[in-house]
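Listed below are the structures to be examined.
What follows is chain A paired twice: with chain B in the first complex and chain C in the second.
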Partner chain A sequence: MNNLTKNLLYVFVLTVLISVSIGCGGKKEKGTLIESDAASKVYVEPGKFDEFYAFISGGFSGQMSVYGLPSGRLLKVVPVFSQNPENGYGYTEETKPMLMTSRGFIPWDDSHHSELSMKDGAPDGRWIFLNGNNTPRIARINLSTFRTEEIIEIPNSAGNHSSPFTTANSEYVVAGTRFSVPPDNKDFPINTYQENFKGALSFIKVDQNTGNMNIAFQIMTPPFDYDLSHAGKGPSDGWFFFSCYNSEQAYTLLEKNSTQKDKDFILAVNWKKIEDFIKQGKGTDKATAYTHNILNEKTHTATSELIKTVKVLNPADIPGALFYMPCPKSPHGADVDPTGEYIVGGGKLATVIPVFSYTKMTKAIESKSYDGEIQGIPVLKYESVLSGEVKEPGLGPLHTEFDDKGFAYTSMFVSSEVIKWKLDTKEIVDRMAAFYSVGHIMIPGGDSKKPWGKYLLIMNKITKDRFLPTGPELNQSAQLIDISGDKMKLLLDFPTVGEPHYAQSLKADLISKNQLKIYKIEENNHPFVTKSEKDARVERKGNEVHVYMTTIRSHLTPDNIEGIKAGDEVYFHVTNLEQDWDIPHGFTILGSQAAELLIMPGETCTMKWIPKDAGIYPFYCTDFCSALHQEMQGYLRVSSKESNVQLYFNSNK
Partner chain B sequence: MKTLRNFTLLSVIFILTVLITGCSSKQEDIGIGPVKKVTIGALDNSQADKGKEIFDMKCITCHKFDTKLVGPALNGITQRRKPEWIMNMILNPEQMTKEDKTAKQLFTEHLVQMTFQNVTQDEARAILEYFRKNDGAK
Partner chain C sequence: MKKINRIILAIISLSLLSAFFTPLWEIDLEAPQYPEGLCLEIHINKIGGDLNTVNGLNHYVGMKFIEPDSIKELKLMPYILEFLILSGLIVSITGSKKLFYIWFVLFLLLAIAGALDFYLWEYDYGHNLNPEAAIKIPGMTYQPPLLGTKQLLNFTVHSFPGTGGYILILSGFISVLIMLSEIKRKAKRK
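So, the complex of A and B:
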């Protein structure tokens, strides 16, 4: 007994010592204090859901990633502008048309900004838009299926950066060109830039029922670099604000030549007024070429249409609809606060953050408080539109988002920090270091009328030592910050996909309640659907062979196929007959030149395959579906071109 | 010590009784699911035809009548099982294979989870009518 007591005492003392040493040894993050309750604030219990969906642009991956906040869990990567071997997007016959452009099939893009569709100035969770920067395009993703449903190409444009921001009811999404180019891509000498190059601002109309987009009009403005934009809201609804740099109109070594002037501009566009001009017949339909690609949910098949005209407006056609507001210096962000009164410019090279007043702007327009004009567009006097400046914000102000308590948050790229400031007084109330070189920042609903001012997500350009190293190439880092109190508090770091630029976020239930779980097999109108295993078959048309195949746990029908000849064009049209959520089947065959098919319940997908040589080619299900998944396999026999092997298929014979 | 042993024995008996009565209520025959009572009358041929159409699209991949495929052969099913059980198996296969004694037994024999194929209760009723026709109901 005595021994037992001693031992117990020993264990007790040891436990106390260990606890104390852990308690005192609280590890400090590099250069920043992590709050002791940070872990519990981002902890989402297994089986529980995050409060917010976050849609983070995929940058040079061309895709869009979906995260849960506050946990930072990666929920999905939605393929948009790049082929995705993981599910066959851009490889299947059904999805290849999504990546068609007037320049042919393009398997990649650089996607910068995501923008949720809006109703009354707040995100409604129906769709999200994403821009393709390199080969100018805008995509619309359906948030009940998380699939890219539509991609429209933007003509007369290059470097589609100022995009795809939308108006308060998503009447329009916009596409302002970062690289001014000659209309219809003519090959003028580069040194005729000022004369022959134009900055096209495209307004794309969104059908409120289907979401379908069409280019309503393009405004041909002076050849500046249109960088970012945001729509007005509330009192300023009806206006759009585009930041632009390179008012010097330089076309070489822009690093030096486009940064000569102290101020560039934010262009205010009165799109409601332009709608009136168009009703009066203003604008010219000009020849051009761009594609419009739509995925049909009933046929599970995309089509690509080439459109050959676009309505073009010159500033002279629409007097009183365009005004330049001077903005220091080489501005990036053009962000409108929740009330719609303040327009905040992020001047990369400025020493202040200019805040413009919508009320003052309308008065300046009324009183013609101009400071000259550029190609017929009046330039408003800086002082007459300025609400105030945020002084000594740090270095390199880029982007501003807003909470629901009258505060703005601005990223400082060069000094690698975020500042919090008061919109009415322009007074800085807090600042916090970012790791490292913060670019875009995002508050759920933070560019809308109704921000959920609980979290701030910042997306950093440089990662360095934030995570375990992975060789020369590191994933970019995002950081989640608690903004519910007076002081910003760092909660979480997590790596991201590609190089995120902008992001969007909203309350999860606005989306989670609308999810499609299966495609109803009865409603599958794919031209090559097989709705019953009884109808599974193989048909030959010349050297084309169509395999009508079905999948269900755990067999493919037919699973023995003969009579295929080397050089035949074989199309596997595989229908997944499952009608149960989260039971996709995969399909591939030895030597497949495409990616796999990943077929959702009730869906039909098609793989094209050209066997070169005679032989036996096994095929199988690639997505582990059941206990007998390994048995989900079959054989296809390819014979020589000259052979007389008859077309034959069966299952279980 | 003897008291304790008796107590343990009593507890075990008590728990077993609860478990057995819990599992062996009349529910056993009708299975577990939304269908509590099915009224069977004269064979409705048009319903049976509708049932065949649905069966050919959604069930035939795994079930034949005369022989086992993925799941069991279906000849005589309306004699082996109550109509409610059949419909509950169609409408609620996951819970059935976990909790219904007969369905659990079938799962251990066939080893593939029967899947819900997104049919409505009316459609399941039509499939039942098709089974009855197949089994010779008039």
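So, the complex of A and C:
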């Protein structure tokens, strides 16, 4: 071998060695260094409880999941906007009306944000609200039963995104539209966007005793995309702040066309002033159609009502109630600090985080320091409302939460990190990498007057290699960070359900002490209840057959049924007679095209079943209830349409 | 009777009223899947606590359903107690020693009869099992203890007086003391 060949060989071998050892891009160390005491900080002993409940929105699952913190243990998934075969939600006759809309029955939605009900600006544990983004709706979940009790549809909206945030005493829940659309969904040409499309901001009044919601009014604002919102508190109570992008009013290729201006806006809405205008008779009741669905706890049955009018306000009707604050650039979060003085904009394409001052805003309004107006809404001067900017925060500031020590935490989507900064000086004091691409973040009580500044939960949009791989589709991941000290410390990763967009959390005892354990059978007013086995029966009304069935460990009554004919509409009204906590029974029958029934103690649920063919159809209890669960079964005989088999039922004969 | 004894007798007679508001006896059941515990409260005129749950569990081994409406004692006992209270008060007013002795003996006999009746009911409840029961364990019976603790399959069963029961027992002891005091006085006079 000559020298050249030898050298070339060396080079070749070396190259192979290097490329083998590094691979493409090399294998990096994962995550940041974990403190040695991290495990003990998230370890909750068997039988012991977590300190916090966390309510994490389900995103494209349409539901809401409930976790314990700091353990990250999944406690429950509450069905809200999507059918849930696991417990029959949206399949039973009682719950189908919950998913009715003016567009018919909708089995799914995209649930973005959760918001706890509040008292004096702090979470009180009565209810939690959740928005349906795609078919605009707001849901209210009762936190003593963890059931969706009410869903109201929002007319004149599409992409119900800057929702469902509430005022300091949950007087109102708001629903702002992300897509501006023509009022009452008329089919204008898309290129008439600027004249004919509107951004509706809905204020939904909440009855403080029942929690029942009704749309008090809608404000028809210029056709921007309203993204997120938060209520004022303390001094700024009475105001609501909505971030919006696309002030360019683009309607095609928004990626480019809505990102041309340096600043978009945060819209400040003085809702107390609007209340006065309404008392003076301002606003018009416009014809529209939207549903209002309520679950009655005594009849265990939901009803859906179609409402035909909504009160609409134009900016001209309410002078001095709306102001645009310029905000760089395409803002996402509009977050109000615990004192109510600072409003932080999360301009996801901005290079700074703007912090607005409520005091300066009121002064600017008094002195009319305007920079023009948009469709009658004054635009305030950026400098006159700005408290300061957080400089060089990273890339893609998205959303800010607050602790109880004067610090703010902002997620940086593009640079995949969280920064901690001081509210008064706007100085960054710490930053931590997120794995990967953090979206929303949450501190228990962190958007309220009283944050419990112990943990920060960050919800990441990209999971990749954080857990054992599960094929192309991965669950999203959340990370828990200890924020009790000066430096943020990563404690825990855990997978979440759907795609969380936001979460809420509060001290567990605010909720755990109010839990309902059973439904009292004597208070069950279901029209088809069966309160004792003696009353179990089968009744025929034409081709409708109603089976009044009971369940108790370990039998269904009746468990032999004959005289059903092919094509009959059979309704199984099953009442669980148990009065003991955590003893549900299930019910299903061969060939059921619905989901199972999962019936809580003292509750009645109904399955509709239409047998097509004659034959024998076994039915059974689907929830392992007792040592004789497997014996909890029965037979139903279906005969042909022409047969004359008499209606017959019994148990133990 | 001594004046003080008459007063005490009136007080203990009236204290028996508490049995109308508080349970005479309590049977507590413990098992791993009942961390909150199960309890039967036996009152003078009803059975309270987790009766439905206990009934539901007991049918697996063939024990009878406890139906308070069909238990004669629960109907009878309020009258017996009312009689003891009223007659105790009358004895206290009259101050007749003879009547007191009669009242004392009646009280004692009724208490013994009550305990015996309760025991027999428990015996029947624990032994008289439905032959069609799903779970049959050879030689196993389920009689709860009259007083104390016993293991019955997966349940640890505790049986102790309730507040009303303790007051009743205490009243019994005090009436023994009255009795002794009156006998002593009689002996002195002679």
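Definition applied: the second predicted complex is superposed on the first by the 623 of 653 C-alpha atoms of A that agree within 3 Å, B and C clash if a C-alpha of one lies under 4 Å from a C-alpha of the other, contacts with A are read in each partner's own complex, and residues count from 1 in each chain.
By our rule, a contact is a pair of C-beta atoms (placed from the backbone, for glycine too) under 8 Å apart; a residue touches a chain by one contact, two chains touch by 3 or more.
Keep in mind it's a predicted model, so treat the numbers as computed, not measured.
Peer 1: So, on chain A, is it clash or fit between chain B and chain C?
Peer 2: clash
Peer 1: Quick one: is A:L628 in contact with chain B, with chain C, with both, or with neither? Answer first, second, both or neither.
Peer 2: Both: A:L628 reaches chain B and chain C.
Peer 1: Figure out whether A:I552 sits in contact with chain B (first) or chain C (second), or with both, or with neither.
Peer 2: Touch partners of A:I552: chain B and chain C.
Peer 1: Just chain B (first), just chain C (second), both, or neither: which does A:Q208 touch?
Peer 2: So A:Q208 meets neither chain B nor chain C here.
Peer 1: Determine, under the contact definition given at the top, whether A:K520 touches first (chain B), second (chain C), both, or neither.
Peer 2: first
Peer 1: In the overlay, work out which of chain B or chain C sits against more residues of chain A.
Peer 2: Touching more of chain A: B.
Peer 1: Which partner does A:Q579 reach: the first (chain B), the second (chain C), both, or neither?
Peer 2: Both partners, chain B and chain C.
Peer 1: Is A:S484 touching anything from chain B or chain C once the two structures are fitted on A? First, second, both or neither.
Peer 2: Touch partners of A:S484: none, neither chain B nor chain C.
Peer 1: Which residues would you name on chain A as touching chain B in one complex and chain C in the other?
Peer 2: 552-554, 578-580, 626-628
Peer 1: Under the touch definition given earlier, write down the residues of chain A that touch chain B in their complex.
Peer 2: So the residues of chain A in touch with chain B come to 518, 520-522, 531-534, 550, 552-555, 557, 577-580, 583, 602, 626-628, 652.
Peer 1: Write out the stretch or stretches of chain C touching chain A in their complex.
Peer 2: 36, 50, 52-53, 56, 60, 134-135
Peer 1: In their shared complex, at which residues does chain A touch chain C?
Peer 2: 552-554, 578-581, 626-628, 631
Peer 1: Would you tell me which residues of chain B are touching chain A in their complex?
Peer 2: Against chain A, chain B makes touches at 56-58, 60-62, 69-70, 111-113, 115-119.
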